[in-house]
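The next part holds the structures, each set out as structure tokens.
In what comes next, chain A is part of two complexes: it sits with chain B in the first one and with chain C in the second one.
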Partner chain A sequence: MKKILIKDFGSDDEVLSPLNPEDLLPIPGENLEDIKFKKIKPETLAKYDFSLDGFSALSLPIPQTKEEEEAIVNSFLKGLEKLFVKENNWGFLQPSVLSTEYCMQCNTCNEACPIYVESGRKDIYRPNFRPEVLRRIYKRYFSTSGKLLGKWVGADLELNWRVVYHLAELVYRCTICRRCASVCPIGVDNALLSRELRKIFSQEMGIAPENVHRSGSMQHLRVGSSTGMNPVAFKDSIEFIEDIIEEKIGRRITIPVDKEGADILLIHNAGEYVSWPENPAAFAILFEAAGLNWTLSSDSMGYEGVNYGVWYDDVQFARVALGQIKAAKKLGVKKIVVGECGHATKALVSIADRLAVGDLAIPREGCLPLLESIVTSGKIKFDPSRNNFPVTLHDPCNMVRLMGIISPQRNILKHIMAPGMFREMPNCGVDNYCCGGGSGFAVMNTQNFPNWRDNLASRHKARQVLEAFKDCLDPSIPKYYCAPCSNCKGAARDSLIEHFGFREKYNIIYAGLVELMVNAMVDIPEPFISWEEEF
Partner chain B sequence: MDSLTWFISGPLLYIAVITFVVVTGKKILYFSSMPRHLRWDLYPVPHQGPEGSKYQKVDFSKLKPQVHLMHELWEMGQEILFIKRAFKNNPKIWKSSFPLHAGIYLCAVWMALVICGAIVELAGIPVYKTSPSTLAVVLYYATILCGVAGAVTGLAGTIGLLWMRYFDEGMRDMADFITYVNLYLMLLVFGSALLAWWNVDPGYNWIRSHTMSLVTLKPVAPDLLIAMEIFWFSVFLLYLPFSRMLHFVAKYYFYHDIMWDDESMKPGSKLEQDVIASLHYKLNWNAPHITSDAAWVDQIPADRKEEDKK
Partner chain C sequence: MSFIAVEGKQVELDEDGFLVEPSDWNEAIVSIFAKSEDVEELTEEHWKVINYLREYFKKFGMAPMVRKMCKDTGLTLKQIYELFPTGPAKGACKLAGLPKPTGCV
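What follows is the complex of A and B.
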């Protein structure tokens, strides 16, 4: 395998560190020779940069003139300088400065990173590689010692447009799962530095993945949802979900929308309405049966729970978070509950807490504790024997490692699963692995990036799922991969099901936690979950 | 030569100690005065105790924050004394890193014992194996034990880490020049300490006597090997606050101010006042979707709708 040193990061190789199928660590039953990456057309290769690893997440146009090359470098340096100025980055200044200055290069983070390990340990995917590039550039261009002494003080990387482009792509090879930070003896957060670098590209250079920025957070702020769903379409989708409920349980439920003064404003990831409507349907069934005083909002900032800004841009993050909180204030609800979406929960409940000043400090919670309270309150009768099939649980990084929500979902499963049917994955809880869709990957579908994501980013999750079900892989046994997070479900759909073929090979389906809960409800005549129809 | 050894063992050491204290203090002030950042906690957070995260509770914002100080101290103790995370996640490096850090701790205790011994001697009680004071005898042997054990384990750990930097491919590839500078400096500090002990100062009487002269602000010129030991220690102190070896200070902020910072926003709190002040900072990011030279508070959606439509 080609060795890549930091000082070589700006080399003009056609592809600096190509990822080939044979480099990957195979999962059980997989033949790496069957993997075929999408061929890129010559005209596309001539136009866009694929020179990091042969993949493109950003569709960066190759500069055509010296002036364009210089503009890229200068703009990056301006952004890098701003990253360490409190007016521009007060929200993450202390963590950024500390993580930039105090890495001891011990590589402890390396083996914690599923992408690095599953790639066959390619140098560029080390979690400390990209931050080290940042450190050496910063030292070279912004420290007196670096300017004077260069490599003798660790400033051994000369900046050119290729370094900037390689780095821009490389920060989108990290899912920001923060597993690396959780093992660092010092506490250095190399995942945070991936995010900080993404901010330079977005906030200064206007570079961000199409699906995350333009048709993501910008569309969210403009239309009401990153899915493109406007408030009218949202109301239509509610009617559609009421139809699903009627079909599934034999009676119609009216889903409350814009109910002023409700106890709870429930905000789903709007992707649920489009891709997995059974999920909001299951929430509605449970909330209605539990007698909760709740509502959805049709305000243009009130029905979409995602906050893509959390992955790449503080300004977009703040706009979305405060918009969501203001929508709740308009309705006069007592609190916001975020549905099954990890990053949305983390963004609104935790990170945005330090933006919610004055009358914006409205209580916000994740849905799992509320769901647990429904189960333990006895308001709904559950028959665990209805869930008499093997289930494993995915721990979304944002809810578990980043918020410590570990026991509610397990307590729920204890109450609703037939004995012996729930099994933990290896490395569960705060030690979990990302689904491969984290930090925007689940929605990034331009160029050949999905090839990289499905083959590499989700590979370790595929390995974990197979390990969890190793005693029952026979396809005659239906199995359920429970992922209480929309993005994690997106990754499961694209990678585990479509790419690795887990449904076809092993009869594994994926969905959320609420679907399992409704499936176990005594009052529901027919099974809510089906292995036969598209779920 | 005497004037050189006098300068090294007196004025240079004073300058090094003062520089270390002042620059480290300035760094601490710098880290402490940074704006309160957005929440970026990482779990488990030990002071939340066996119940774990408050996010696991319904209406958690109405609950009193759980503070289990003993849990936090237990976790801190394991990390500070034994580098628990390295032991758990990178045992290969821990085998060298732990002796290096244990060596530093033991040398710090040794220094404290040497200073204590100097003060005891200034009080008229000889610190020696035949001293009439039992306490002074204990002090004498404890000083030897800590000094020798510290220098030996520190040196062994440093050699182990250097070995890894040269012969472990990944460690070598990710290291910059400064990493080697740091390790060779540690080698010189521990090595010169051992050399002086072995050759001229087996009972640390010389260094204790020299410390007495330093404490009374009348430094004398010691033996050349002791002057070398002091020289490398002084260089280490002068360099330390400017280097990444100051991570022992940074580590406090990483743990307490970032990973374990779970303070919630409360109306009227100091936190709220700090955040309001930060929201009024004017940013000057240049991307088209950002209003440059406007405050953070002016970037919110209601005010941006028309702009976003561009």
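What follows is the complex of A and C.
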């Protein structure tokens, strides 16, 4: 395998570091020869840049003139300068500066990165490769010694448009799972630098994935959700979810919407309403049974919990977070609880601390501790013998590694699972692996990027799931992959189920935690979870 | 992005072949899309689904959840797949002229 040096990052190879199916590390039962990547049409290749690894997340148009090439370099440098100035980086200045300045190049993080390892250890995917590109550019163009002495002081990477484009694509080959940061002996956060570089591309250069920006956060701000769901469609969905509940449990529940002064405003990832309506249905059943004083909001900023800005753009982040907080304020609720979505939880509970001060300060929390308190309060009777099938638990990176929410979900499982049926995956808890859909990947579906994601980013998760169920892979045994996060469910569907075929081969289904809870409720006559198509 | 000629007019498609402008939709487009989505012959049942999707989109600005589509049309998911082999989101929605689904769906 060709070694890629950082100083050669702007080379004009047709593809700098091609990824081929045979490079991947196979999972048990997989034949790499069966993997086919989408063929890109010659006219598409002529128009857009695929030269990093043969994939395109951004559909970057190839510059046609010298002026266009220079404009790419200049605008990148302008953005880079802003990244390290307090007035222009209110988000993450200190950790960005420290992570840029203090890496010791020990490369302990390499083996922690599932993408690097599963790719057959390709240099460009090392967690420290892209930060090192950043460091050398910064040194070359913004330090006195680098400007004068260049390669003699390690500032050996000359900028051209290819460096900028390669770097733009490369920051979308990192799921920002932050496993690298968790093993760094001195706490350098190379994943944060992926995110901060995305900010230069978006805020300074207008470069961002179509599904994350234009049809993502822009659509969210325009109509109320990145799914395109407006408040009228939201209310229609709620009515339909009430129908589903009635079908499932034999009685109707009225889901509270816009209830002023409620204790809790529950905000789901709106993708749940569209793709996994049983999840918000299960929340409603549990909250009603537990006697909570709660509500949903039909305000155009009150029913979509995601904040795609957290992946790539501080301005978009602030717009969405402020809208969500204001929607809660308008209803006069005591606190916001975010449903089963890792990014939404991180964005609104942790990162929004930067904004939610003064009048905007309102308590905000993830749903898992609240769900645990429902179980331990004794208000709902559970019969663990109803969950008499093997279950493994996925740890969403943002809730678990970033926020440290580790034991509530496990304590819940202790109360609702038949003995011996719950099994941890290898590397569980803070040591978990990303589902492969992190940092926007689950929604990015342009060009051939889904091939890269389903084959490489989710590969280690597939390996872990097989390992967790290795004693019961026989398809006559129904199995449940519990992923309490919408984004992780999207990745499970696209990669584990559709790409790797786990449902067909092994009878593994995936869904959230609340569905398992409702499935064990004594008051529910029929099982809530089914391995058959129900409709 | 690409274009197809429909009844003398250039219609813009996205890279997966969905209409960029839902208002460009007409019945001629359905026959063209049917070929690329493995629909051999358009039957009354196909039109029931297509008309339902268009009505829903007109009212709510997005595609319905699959479960709702099944309930409202009286078809099972299996029957929908038999009608539209590439699935409800990719096949049926494309023929009905709806944009490609977005967001965490």
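Following the convention adopted for this analysis, the second predicted complex is superposed on the first by the 533 of 535 C-alpha atoms of A that agree within 3 Å, B and C clash if a C-alpha of one lies under 4 Å from a C-alpha of the other, contacts with A are read in each partner's own complex, and residues count from 1 in each chain.
One rule holds in what follows: a contact is a pair of C-beta atoms (placed from the backbone, for glycine too) under 8 Å apart; a residue touches a chain by one contact, two chains touch by 3 or more.
Note that the coordinates shown come from a computational prediction; the quantities given were computed from them, not determined experimentally.
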>> Under the superposition described at the top, does placing chain B and chain C together on chain A give a clash or a fit?
In response: fit
> What is the angle, as a multiple of 10 degrees, that the CA centres of chain B and chain C span when seen from the CA centre of chain A?
Replying inline: 160
>> In this superposition, which partner touches a larger number of chain A residues, chain B or chain C?
In response: B
>> Let me test your reading of the model: by the given contact rule, A:G271 touches which partner, first (chain B), second (chain C), both or neither?
In response: second
> Is A:S237 touching the first partner chain B, the second partner chain C, both, or neither of them?
Replying inline: second
>> What does the superposition give for the shortest Cα distance from chain B to chain C, in Å?
In response: 16
> Which bits of chain B are touching chain A when the two form their complex?
Replying inline: 31, 34-45, 48, 52-53, 55-62, 79, 83, 85-86, 88-90, 93, 97, 170-171, 173-179, 244, 246-247, 250-251, 253-255, 257-259, 264-267, 271-272, 275-276, 278-279, 281-290, 296, 299-302, 304-305, 308-309
> Which of the residues in chain A come into contact with chain C in the complex?
Replying inline: 44, 211, 215-216, 219-220, 223, 225-230, 232-233, 236-237, 240, 243-244, 269-271, 273-275, 277, 306, 341, 442-443, 445-447, 486-487, 490, 533, 535
>> Under the stated contact criterion, what part of chain A meets chain B in this complex?
In response: 3, 5-6, 75, 78-79, 82, 86-88, 90-95, 97-98, 101-108, 110-112, 123, 126, 128-129, 132, 136, 151-154, 156, 178, 181-189, 192, 202-206, 213, 218, 221-222, 301, 315-316, 318-320, 322-323, 326, 335, 349-358, 361, 363-366, 368-370, 372-373, 400-408, 430
>> Quick check on the complex: what are the chain C residues that touch chain A?
In response: 15-16, 59-63, 65-68, 70-71, 76-78, 99-105
